[in-house]
Amino acid sequence: MNFDYTEEQTLLDNMVTSFVRDNYDWDTRCNIVKSEEGWKEENWKQFAELGLLGVPFDEAYGGLGGKSADLMIVMEQFGKGLVVEPYLPTVVLAGGLISKLGSEEQKNSIIPEIISGNIRCAFAYAEPQSRFDLNDVKTSAVLNGDDYVLNGFKSVVFGAGMASHLIISARTEGEQRSESGITLFIVDTKSEGLTLQNYPTIDEYRASEVIIENLKVSKDNILGKVNMAYDAIEEIVDISTIAACSEAVGILQVLKDSTTEYCKNRKQFGQSIAKNQVIQHRLVDMMIEYEQAKSILYMAVTADLSNSDERRKAVSAAKARIGKAIKFVGESAIQLHGGMGVVDEYMVSHYFKRATMIGVLFGNTDYHMKRYMTLTQSGISSSDEAISVSVT
Amino acid sequence: MNFDYTEEQTLLDNMVTSFVRDNYDWDTRCNIVKSEEGWKEENWKQFAELGLLGVPFDEAYGGLGGKSADLMIVMEQFGKGLVVEPYLPTVVLAGGLISKLGSEEQKNSIIPEIISGNIRCAFAYAEPQSRFDLNDVKTSAVLNGDDYVLNGFKSVVFGAGMASHLIISARTEGEQRSESGITLFIVDTKSEGLTLQNYPTIDEYRASEVIIENLKVSKDNILGKVNMAYDAIEEIVDISTIAACSEAVGILQVLKDSTTEYCKNRKQFGQSIAKNQVIQHRLVDMMIEYEQAKSILYMAVTADLSNSDERRKAVSAAKARIGKAIKFVGESAIQLHGGMGVVDEYMVSHYFKRATMIGVLFGNTDYHMKRYMTLTQSGISSSDEAISVSVT
Amino acid sequence: MDTAFSNEDLKFQSEIRDFIKTNYPRELRDSINSKRKLGKELSREDLTAWHKILGKHNGWSAPSWPKQYGGAEFTPTQKYIFEQECAKAECQYIMPFGINMVGPVIYTFGNEEQKTQHLPGILSGEVFWCQGYSEPGSGSDLASLKTSAVKEGDHYIVNGQKTWTTMAQYADWIFCLVRTNPDAEKPQQGISFLLIDMKTPGVTVRPIKLMDGSHEVNETWFDNVKVPVENLIGQENMGWTYAKFLLAHERSGIAGVARSKKAIERIKQIASSEMSYGEPLIQDPAFKAKIAAAELELSALEYTELRTLAKDSAGKGPGPESSLLKIKGTDIQQAVTELAMEAVGYYANPHLGTTLSNEYVGPDYATNLSGTYFNFRKASIYGGSNEIQRNIIAKMVLGL
Amino acid sequence: MDTAFSNEDLKFQSEIRDFIKTNYPRELRDSINSKRKLGKELSREDLTAWHKILGKHNGWSAPSWPKQYGGAEFTPTQKYIFEQECAKAECQYIMPFGINMVGPVIYTFGNEEQKTQHLPGILSGEVFWCQGYSEPGSGSDLASLKTSAVKEGDHYIVNGQKTWTTMAQYADWIFCLVRTNPDAEKPQQGISFLLIDMKTPGVTVRPIKLMDGSHEVNETWFDNVKVPVENLIGQENMGWTYAKFLLAHERSGIAGVARSKKAIERIKQIASSEMSYGEPLIQDPAFKAKIAAAELELSALEYTELRTLAKDSAGKGPGPESSLLKIKGTDIQQAVTELAMEAVGYYANPHLGTTLSNEYVGPDYATNLSGTYFNFRKASIYGGSNEIQRNIIAKMVLGL
């Protein structure tokens, strides 16, 4: 039993840490998020050079063959730097779907392009009515000759504005909420029939509304089998949720450490405010929440993710528990920073906003709590054995 | 708008306060709860002399015609003294049912006897499977000539061991959980066919399991109409819930005040532990919880209880909110008392235990929360008017 | 015990209701709501229009002021009713700086000239005030303020910096705590209460952006600002006394009960439209339990406020218990803004109305809800953080 | 990163499992469970039987002790596995006073005679120890202790009173902190670590009843008790050092993860039998959300403990982070005992097994659940209250 990084993992960790330290100081980051584009292509090239874009991909396609633990390392450091480049949408989410479902041909043509940084992808799945339900798909795809014709609307697609390609989930069969009948299409962002409304998010990332009107997609651009995409979507969104949790844990560490530091230095009534026991205990509780968040992330990362029941349970446990930590640590960080906490100028509010929005991503605390309960409490019934023993 | 007591209420308050102060000091109370009987008949006689047993009853039967506010005054002071005599079971619960459903003849024969202290009653409604559901009644009553024959089992009947009469809810018709088909019978505790298993409760009150085997009850001893008792049971249990909440608020006041006092006096590391800011803030939060509990009790007491929807809503709001206060104030009181908090010898644990058990009485926090939600959130639907305004 | 309104109260209530219906312009409400929804800055006109209307009607712009100074002199019950009705009708709330803060200080401690000069403009809403208390670094330790006022002839020369000056961008006047005696024994001594015309040379206002991007507060700089000695309130070096008076004076409405009620209503409507797991979100047990918990807390708080008002009207004064209203009131506001954000799922993300985006996306009810949640983190910090409020209760109520 | 057990670990796990299956008497388990359920006092035999069995098997009664003193010298992973398996099989847990507390002090700081005299009895479970630290009024301020030991010839004369001495009613020996130098500069100085035979004249044990009526703790009085100087551990006046060593030494299992897991399982079973609103309680959204919340917290805590163990086995030592395990571990225990009480509705009320009631009522699983809830309020108080644990983390980990 050990939680130490392997040598390779330590190298990866050092590499990402150096990138953030050297290329992502606070002023640089502020300029990036204020720019028209909202990201920096230069950084993306660096990711490619460092090999970061290949972390989760199979070695057969030029990737590093990394696991969840490796993605955790990258995302945790990205969290610490509030790196806004679309790594999660492109590499983890879209990249995961392509790896999972793509044909040999598709994988050979797309994955190396992602790894080299030449293309970026985003996954358009949510719809105005779907909230977090991946099975709730109204966007339709109707076969017309050799092409499918897609119509519909996708909500809050992260990274779409920077992507060359979109993966779109559409209904080829079945009712609006049926798990079967969902198909994935990969299309060029500039295709006729696609309109993107790009906007910044409250936490300074970028997302888009995607309007799909008579978008023609060739059969060749289907990912995986027609009607059968749901399981893969759920799996890859789960993997991406662990990545998002990793980013959150990185952010929580910054929030906890910087708040502790701030309270030590901030003087009021002639002394450091960290001399107040109430503030000390709140900082301790922030640390405890951080440690618990990190622990449950480790639980998820070391779980047997190839077992879909274990994966679902571990992911929802982690997202729900980390969601609780985000709220407590984030709100406490702002409260203890006082006036400095609520202004745009100081770093802490930006970390808080990003953490809060990760809380929403891929389903919020309540959503994953419900999924966890459904997974763990459905099969319980009164045991045959008499319950004859005391509770503690 | 005012929350002051009327002159009569002030007199009543003073009277009960004096009784507790003069007749219910801590040692006296400890002796009472350790006695075989678990209550003191002498005190009951005093209640009768002071007129306390007549508070809620109609003046026509010799009562004082008091309202919920008057019962609140009595119960709050009883709470402060942890008075164990069965006032709530006899006067509020059973007395309420008799006032509500009794025939003129029954009321004329029973109520004056209660007021004079000659008889005590208890209400046997809960069953092993019913939990807090008043409609869940398996105990059966079958007509046989002019008598009903009752069979069944009643759980945790407070005050039954001290009662001369029991009111029993039984099913004369319908399914186990049907609201219609429930009938109330009033019987002598010594009747053949009734067996009482008496026991102390964890908070030093007394309750009984009531085994009913072929208990014959004359039609004349039915309270109200056959099959139609449910509404009255719900109403009187609601009124009794307000009385229990009043007792709880009295207890919370003692817990808050005595803990504040204890922390001021208790020295550690060379100073009063109340110098610790963490303890100060916890005491403040106890006070806030107490004030909020008292406020929602006032809300319930001043609500229009004759309107059954308003009554249900107000009662469940109060019980749920006060249940939360009980947990916080009670657990905090023990924690801040440290070692002194967990021993039997010191008063605070007794107040904590009683408050906790009031939390269970007539339905716990979750139970009333659910009832409140059902009452308040069933009719909501998307409004026709566009929701076009911001949330704050 | 009696919480029912008297017949006079009921008559008063319908008078208020009618007045609002007739006089509060629907276009004003819609315009303010729409700006707020989009995270757009409210104009000075938005903030004062309703104030100006009330100012022309029996002193209703100043519910607590004595009649002799042109106020309405409502009873506590009337004030409660007035606030409820205004909140229900979504009237823009009156900026507190003139009416609730400097006004009472002027009519209590000011001289006749000051009363004549300032009270009418405050009442009518024509003159816009802001508050110069906090300074960078002072935070909850207000008495550590450093802005200096040195008397030279018939002027004070003011130098220093104030911060968190809400709406200073619109203000005509600012009331300031300044240090007139730097050698006083205790920091609370040697402070004076000064009224300063914002148009005086040397006054500079710089915006502070809050984390939701909004511009509500500012830094206000004083660089050799000449202030006539006539603008001193009361006696020199006694400013701390007036400041404390001001803090204790106006606490009604601090709990924001009526506004939070309205907010919960709207969340219920939003949650009836939003779907989760194939059912309206309002049916989701976790979500509805949170709504119910907020409602219970609010019901209790409403009665806590009523009890305080009743004490107040019995002449017992609100006292430090009002810290409780502040703590619980802001707790609930924060819980409610969070629930609203939660209700809209992914549509908490878009940050609209920025220079980077002119298009609006998502359901109409969702815009700016996360912005409001983030903005409201300030509520437990300003006006004496909730930690400070607990310190006050510990000391003043519990005697610790 | 690797949390999978190695093949050796798995082999070890099945060895433990087999051993328990073969050697832990089912009657013992049933008898202990039944007594606990009824709130009956456990006998000395109940508390030591399993200890005695383990003591005969490769030093398994002392998982952490070095082999040279007869212990098992398990690796951290093995200790974790051992605790898990024992908890799963509901083995009576080993009293910590000998094995985890005084034992390591003796083999670390004691002389050869002391080792020879005491270690075998501790290992075998034949000698029952208790702890004499706390005194009336000392609470978390342990160093304020007053019990005095004055050297007269070859004895110390001990006078004073200890409190919260758990299971002193069965103890053969007590290890005590006593004051040997009342004039020392700091309260932590001048304290010595003394072993006292409970049969010595002048030692009196008086029971303290806890709020659930149970008898676990006692007052222990010393009235001119003559203790041979040979019973002093280490050097005179150095007792505080040994006490601190002891506190830091044995933290494994402090979180009680395995036991809380078992408890949650049982609550689920109870809640499947209990009905509420016409459905099994386990289907009630509020109740099941509370169970799930406890499970998540416990999953996280399990990994926090594993991370601490891993650090420990890497030689980095557990350090003050173990305060976190204590805080969270007891939080969960308290949440779980409360859930169990809640699950049984009205049957939380009966207080059975008292002199006032010999009959048992209600479902078998319900007895004493409220007693256990009330009893477990102690968990956040003893062993350094959770407030003190937070002070420790603030100082030692966060550097505040």
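Labels for the chains are A, B, C and D, by order of writing; each one numbers its residues from 1.
The definition used in the following text is that contacts are C-beta pairs under 8 Å (C-beta built on N, C-alpha and C of every residue); 3 or more make two chains touch, one makes a residue touch a chain.
In this text the structure is predicted, and so the values were computed from the model without any measurement.
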Note, CA centroid farthest from chain C's centroid sits on chain D
Which of C-D and A-D has more C-beta contact pairs: A-D
Mind checking the centre-to-centre distance between chain C and chain D? Centres are C-alpha means, answer in whole Å. 54
What's the distance between the Cα centroids of chain A and chain D, rounded to whole Å? 42
CA centroids of chain B and chain D: separation to the nearest Å works out as 39
Multi-partner residues of chain C (at least 2 other chains): 286, 289, 387, 390
Check each residue of chain B and list the ones that touch at least two other chains. 276-278, 281, 369
In the complex, the residues of chain B that touch chain C are 1-6, 9, 69, 260, 263-264, 274-275, 277, 280-281, 283-285, 287-288, 291-293, 295-296, 298-299, 301-302, 317, 320-321, 369, 372-373, 376-377, 380-383, 386-392
Listed in rising order, chain D residues that touch chain C in their complex are 285-286, 289
Complex contacts: residues of chain C adjacent to chain B: 1-5, 9, 30, 33-34, 36-37, 76-77, 80, 90, 259, 263, 266-270, 272-273, 282, 288-289, 291-293, 295-297, 299-304, 306-307, 309-310, 313-314, 321, 324, 327-328, 333, 336-337, 340, 364-365, 368-369, 372, 376, 387, 390-391, 393-394, 397-400
Would you pull the chain C residues touching chain A in the complex into a rising list? 134, 137, 139-141, 144, 163-164, 208-213, 274-278, 281, 284, 286-287, 342, 345-352, 354, 356-357, 359, 361-363, 370-371, 373-375, 377-378, 380-381, 385-387, 390
Which positions of chain A touch chain C when the two form their complex? 36, 38, 126, 128-133, 136, 155-156, 177, 197-205, 207, 209, 266-269, 276, 278-279, 331, 334-335, 338-339, 341-345, 349-350, 352-353, 356-357, 360, 364, 366-367, 369-370
